[in-house]
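Quick one: the structure is below, questions incoming.
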Amino acid sequence: VIGSLRTRLRDRTLARGSRRGRSSGVLAGGALERVREQMQACLEHRGGEVSARSRAVELGATYLGLADLGRRAFLELLATIGDADRSAVDAAVSRRAAAGDEASRRTAERELRELLQPPRLDLLRQFNAIGDGVRFLVELRADALRLGEGDPALTGLADELRELLRSWFDTGFLELRRVTWDSPASLLEKLARYEAVHTVRSWDDLKNRLDADRRFFAFFHPSMPDEPLIFVEVALVQGITTDVASLLDERAPLGDPESADTAIFYSISNAQAGLVGIAFGGFLIKLVVDELRDELPRLRTFATLSPIPGFRHWMDEELAAGRLAPTPDERRALVAALGEADELDERRLAGLLRGERWSRDPALAAAVRPVLERWCAAYLLAARRPDGRAVDPVAHFHLSNGASVEQINWLGDATAKGLRQSLGLMVNYRYRLEDIEKHHEAYSADGTAAASGRVAKLVGGGG
Amino acid sequence: VIGSLRTRLRDRTLARGSRRGRSSGVLAGGALERVREQMQACLEHRGGEVSARSRAVELGATYLGLADLGRRAFLELLATIGDADRSAVDAAVSRRAAAGDEASRRTAERELRELLQPPRLDLLRQFNAIGDGVRFLVELRADALRLGEGDPALTGLADELRELLRSWFDTGFLELRRVTWDSPASLLEKLARYEAVHTVRSWDDLKNRLDADRRFFAFFHPSMPDEPLIFVEVALVQGITTDVASLLDERAPLGDPESADTAIFYSISNAQAGLVGIAFGGFLIKLVVDELRDELPRLRTFATLSPIPGFRHWMDEELAAGRLAPTPDERRALVAALGEADELDERRLAGLLRGERWSRDPALAAAVRPVLERWCAAYLLAARRPDGRAVDPVAHFHLSNGASVEQINWLGDATAKGLRQSLGLMVNYRYRLEDIEKHHEAYSADGTAAASGRVAKLVGGGG
Amino acid sequence: VIGSLRTRLRDRTLARGSRRGRSSGVLAGGALERVREQMQACLEHRGGEVSARSRAVELGATYLGLADLGRRAFLELLATIGDADRSAVDAAVSRRAAAGDEASRRTAERELRELLQPPRLDLLRQFNAIGDGVRFLVELRADALRLGEGDPALTGLADELRELLRSWFDTGFLELRRVTWDSPASLLEKLARYEAVHTVRSWDDLKNRLDADRRFFAFFHPSMPDEPLIFVEVALVQGITTDVASLLDERAPLGDPESADTAIFYSISNAQAGLVGIAFGGFLIKLVVDELRDELPRLRTFATLSPIPGFRHWMDEELAAGRLAPTPDERRALVAALGEADELDERRLAGLLRGERWSRDPALAAAVRPVLERWCAAYLLAARRPDGRAVDPVAHFHLSNGASVEQINWLGDATAKGLRQSLGLMVNYRYRLEDIEKHHEAYSADGTAAASGRVAKLVGGGG
Amino acid sequence: VIGSLRTRLRDRTLARGSRRGRSSGVLAGGALERVREQMQACLEHRGGEVSARSRAVELGATYLGLADLGRRAFLELLATIGDADRSAVDAAVSRRAAAGDEASRRTAERELRELLQPPRLDLLRQFNAIGDGVRFLVELRADALRLGEGDPALTGLADELRELLRSWFDTGFLELRRVTWDSPASLLEKLARYEAVHTVRSWDDLKNRLDADRRFFAFFHPSMPDEPLIFVEVALVQGITTDVASLLDERAPLGDPESADTAIFYSISNAQAGLVGIAFGGFLIKLVVDELRDELPRLRTFATLSPIPGFRHWMDEELAAGRLAPTPDERRALVAALGEADELDERRLAGLLRGERWSRDPALAAAVRPVLERWCAAYLLAARRPDGRAVDPVAHFHLSNGASVEQINWLGDATAKGLRQSLGLMVNYRYRLEDIEKHHEAYSADGTAAASGRVAKLVGGGG
């Protein structure tokens, strides 16, 4: 391969971008006008398509050289230039209204749809010619989202970019790669930075997650070969793992992948802020399960070990609203463990559950545990948003992928962060291939979550 | 790289497809109903996105197993299923009409545009999951075009597929590769088959076109790595080549590429019927010129040696309509060369020019030549369609890319085909980098073609 | 990989070599003296090892520019320069004679061995630095063998080169590659040229040998990645193939490799004249059998379909010496088939067997067949050289690899060449993995060939 | 590439090796006998060459499973088995003595040389068939050197292995690769471990050495693609760097490689204990200089920043022997700096120079500096072993490669290690391409070192 339009234009681009960038970073009056003119020339394909692309390259280089203030000005220009032709749209709307039969109606709609494509989209597409064009557009969208919160023009631009990127990032184009200790150090460094669930503390920590009893997979796109899109970390173990500390312990003995019966997905992270709203996770899990079954036919169980990021917040609100309370038995046990007389008001209860004390007091912890586990099960199985989705975002992700709630793990994550967000609880979601479709349909219909008998029983117990 | 969704699904797909295909090839009643149901399930994303994709794979396999009759039925189903939601569209049209300010209008239009996207497009996108998914969609479109001539449903479907494919085949994604004698034999075999300008007669002919004094470039797409999209053949020579026979002569002495001053683009062919209407040629020429300048800095001139496919047909029509005639001087010379008295009526003139005789009679040819060259120049520079495009498709391609008409070559292609379509004439279009934008703009504005002084003079001479 | 010493020096080398080469091609007086000086400087490692290598590059370039006459002069110089140091060797011989115990003897021998390494070998090794160094040395040896027949200096040089190359071409370094229709056209062209058993007639012929029911494997060396060393062609069939025409028929229906039970090795060719005397064939067959068993577990039988190149010549000599005769029964049948009285003298018999007539006369052929088959079996199983090796070189190759003689095929190769060299007979050698060691040992010990019952019976019948 | 004999045998091998290894690690009586038998079978090529190789694979697997004690027993067996045939050698010696003319003498010597090749060498060669065969032999030699110090049998074996490996590791086969932060983490980890000059302290330290203003090159062999053989670290700077701390400072500002005029080779390390005695360093430096000149044509100066590992030890010995003394002026300055009366006996002088005090006392250091610099220059330019080589091994390496002594750097390495081995001094050796041959020849002839005027003057000053 000699290269692509993009690689040919790259060096020029980046060199210019960075040199200009250093000098200012702002988009002053004259420069802004010049950018508008160039955008206009691109929109008109002045000088032919090839020239328009070269011009887009210049625009992109300008953008890369800007600081946030300048970038915002650039994005706002981009969000409003090159709108659809109003009168042509109006005419097409009329033609559609007048269309008699099915076929002419279909034609009119196609026409209308095309007219509604703002030329701006075309301009955005031209940036694909820039050095690392796709990566540039992903960055553009990340910026539009970051800088444009609450600004309808910029969020509108971000939506248009999502349309464009969704097409290019169709799952059919994604490449699944296994990441190992033989992968480029620069890639491993990025993955460590992107890891959002269990922070990577050191190179040794990372090496442990790439050892012989682990698997680490990531999705890549051919146009951004060095940039992971999303990745998942898997441990090959005997039986379902219930706490994450054992997996992150670098000195734990090495397991034998050949004799493992269970694959635990213990971390899954999105890596690209500019691709928010384009879903890869479900496909990633599906492909990784397939891949693991091919490689290690003795694997029987595929489950996650997942955080419950929204539990603590939800519990606090429910308690405050008086919608949650311990059962009388639970209350008695708590009081006994406190070694006090029978006077546990709601404020003390809330304070108690927050873990400042029980996490250091085994007897108290034993009394707290059934309460929290019961409420957590309720949270996962029944806490729903008005649109029917689970309140917990991780639960929503796995339930909509067809998983079931297998097990709630007491002190599954005893780190400060774990205690803070979910009082140390973690959950295993389980993927049973034969049930995935059924579970997905049930959850899509009305938010019903499949659960193991044990977890279902927890909820049955009142509260 | 472990693979992609597509490669993982490939074997299953094709195996099934081919086995079914052999048995029937037609889409009988029950089967048609089953296909409709599967399409419907895909449209509804039943069982989740991953399941929908698997279902699309099945549909694709079914399609690949069908003969033309069955394929047509399948395509017709596909063209009409999954239309946009009419009432939702109507409501959005109303919202747009009611929109007060710019921003809400923009939002309404975005909404409307989205609603006008028929779910069918989504279904088409799902085929990308099939083994060799992109290639499949290219084939689907080729079939829709081939089987659907005059059928608005199928041409509509072909248009929708073009929208989809245009996005995936954005020039930013294309890879330029040099093809050499070290390329896979299977690829060379394909290129020989796709060559549409100067038929490849043998492996020796092909090897000659890949020799040290030639360059052969093709565009590829990462999702169809074995399939060329478009390719161009270049000869490295001294001065502009005026006849194609010397280039195709396998026994001609080998030139020295290091001392060549001119690159002649003597053949450019599209390879994919399913990508008709998506333009790659301009970019290919631009990239190849860049590539050649990098490799061989002594190159000064970049020009084509091109056929004039529409000349003969145009001349016949013009003559028949009495809009073309030799000048008195030309007529005298023709009569003299015929060795007859002064009686050359139009029918004899037409017959004479058709080359049945002059191509074997040097004196006569000498008298015919100025007439044909003059008319040919007029054809290239002035024969225009109502929309301003050149009547000649090859002329349109190069003129819209910013080339100029450099030189008309008498007996540039003396093969039967050459005589038949352009009375043996060929033309050199020239690419001057500094003039490309200017020429493009002039031609885009009103069809004005840039031309060398020599060619311009031919036309100045009357006619 | 940035490159190697070799690639860095390549361009310079070849450019110089070819330019000089064109000018003369002979090694005249002054030039010869200059070559001798350079060789001397290389031997002395003048200016350091890196400089010595650069000098070797110059020498190599000089050589490549020479025609045969010049090359011969160069080789003769090379064969005699840089001999071992005689007096040092004499001293070491004395030390060895004086060595008392085992250890000091071993040390003395090691010393002697090192002193006997002529510095010339070091000089040859330095050529490895030349562009395509290994290929150069292979060519050097091919030249020494070709130009030096009967010249002890040049054959000595060829022997020294064999020592060097044997080490570099250790089977541990060879790469087995499958060749397919997707392989580079330039490689396929080479393979067609190197095929020594069944001439490749056309690209279609070659494509047939690479079809889905064939396998084509070659050994390569990492230092000559474009040059096959040896290759084998395999057909996947049902039952043992007995004639080669069916395999070479391009229009024969395609077999299904999945259901094949037999792999027929129908052609094996060495590709490098400069590697004569370094054996790869046995390893190739062993690896290919392993490879095929991995890919197609249904394969049960591995056999060749081989020519018998020495049969005709041997038979002629044996007949002339009166050591072969038909049995009385055979003689009677022959006479009857000739339709003559009982008078078949030896000259007529010889003429008859030579196939000028029987190959066109079925009745006569039926009478000739048992005679030839019996003699052929005797030839394969019993005709031995004084050192115990089979007279037939192909038989020696397979028998020493541990194969057995499975079957003799009447009219296995009815081409002119086949009739000429073996009266149309071919043979299947069979590789039974469990017997390979045993057969090899028996043949190594005293030339005993394993044979199937059928073939053994042929020989049992007299002669 | 399908693979090689080695890869095909790998899995089997290592699996067996490791399983056995775990069980014992020692080579007990019966097992030892079995090993001897297998070696014998290999020597006799029993069952053919392919079988012999398989047997070598078994032997290799056995070896890999052994602990040091067992390995030593194995190596001793290997060192004595398969000796040359004494009587055949004796006969060949006689034939050589009797040889009359040049040609027959040459033939006799070739014969003798071949007979002196112990079959053991052939057995060693067979190990090349083992999984990662070349790496195995390198390990075998490392073991023989490590375990066999002072044992003539094992050092003899190590010598034989060097002969074998020298041929396979001919510089013509080596690949130069640039190592970057995009290289595999596993490779970077190895390089950090192998770095012998300036210890790598952390991943950040390593990343700094791979930054944009650095270059890092290593030699690899195609048969050990993951194992660096030798590597060099280069800094791209303005002017010659005189202290190593600035290069190892991770927070130092990034230089611009495009404007650098000097390349400083600040670390060069051998990575393979089993390849000791096979020289790669000279070639590496030469190739890297070429590579850098290609990439960055503005580079003018190529120099090292090198340790002087033997200086301290040499100085101590010279002082003790009374062969070194300060000049009267120097002595006066030292005394003045000490702030004492004129009584500096030799013991105090020695103690003083050892740096316990002056390295913390600027005034004293200023007095010590000229003394040490002068002696260091003398050490580098004149301290020679009886065979003429420089006493300092690093000096010998660069001087024999044709470098000159450019500059001695006071406090070039102020680390504890630097003070300990060379009192903080470092030296720049300079590579001037046009002088390399001349310098090499002068140094080879009689140990003469080229030096800059400044350094030469230091020595001229007495001592």
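So that you can tell them apart, the chains are marked A, B, C and D in the order they are listed, and the count of residues begins at 1 in each.
Going forward, a contact is a pair of C-beta atoms (placed from the backbone, for glycine too) under 8 Å apart; a residue touches a chain by one contact, two chains touch by 3 or more.
A quick note: this is a predicted structure, and the numbers were derived from the prediction, not measured.
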item: Remotest chain, chain A as reference, centres from CA atoms; value: C
item: Centre-of-Cα separation between chain D and chain C, whole angstrom; value: 42
item: Chain B and chain D: spacing of chain centres that average the CA atoms, whole Å; value: 62
item: Chain B-chain C separation of Cα centroids, rounded to whole Å; value: 51
item: Touching two or more other chains - residue numbers and ranges from chain D; value: none
item: Listing of all chain pairs that touch each other, if any do; value: A-B, A-D, B-C, C-D
item: Touch list for chain C against partner chain B, complex; value: 181-189, 203, 207, 226
item: Touch list for chain A against partner chain B, complex; value: 1-6, 8, 46-51, 53, 83-84, 89, 93, 96, 103, 106-107, 109-110, 112-113, 116-118, 125, 128-129, 133-134, 152-153, 156, 159-160, 164, 167-168, 170-178, 217, 220, 222-223, 279, 282-283, 286-287, 290-291, 400-402, 436-437, 440-441, 444
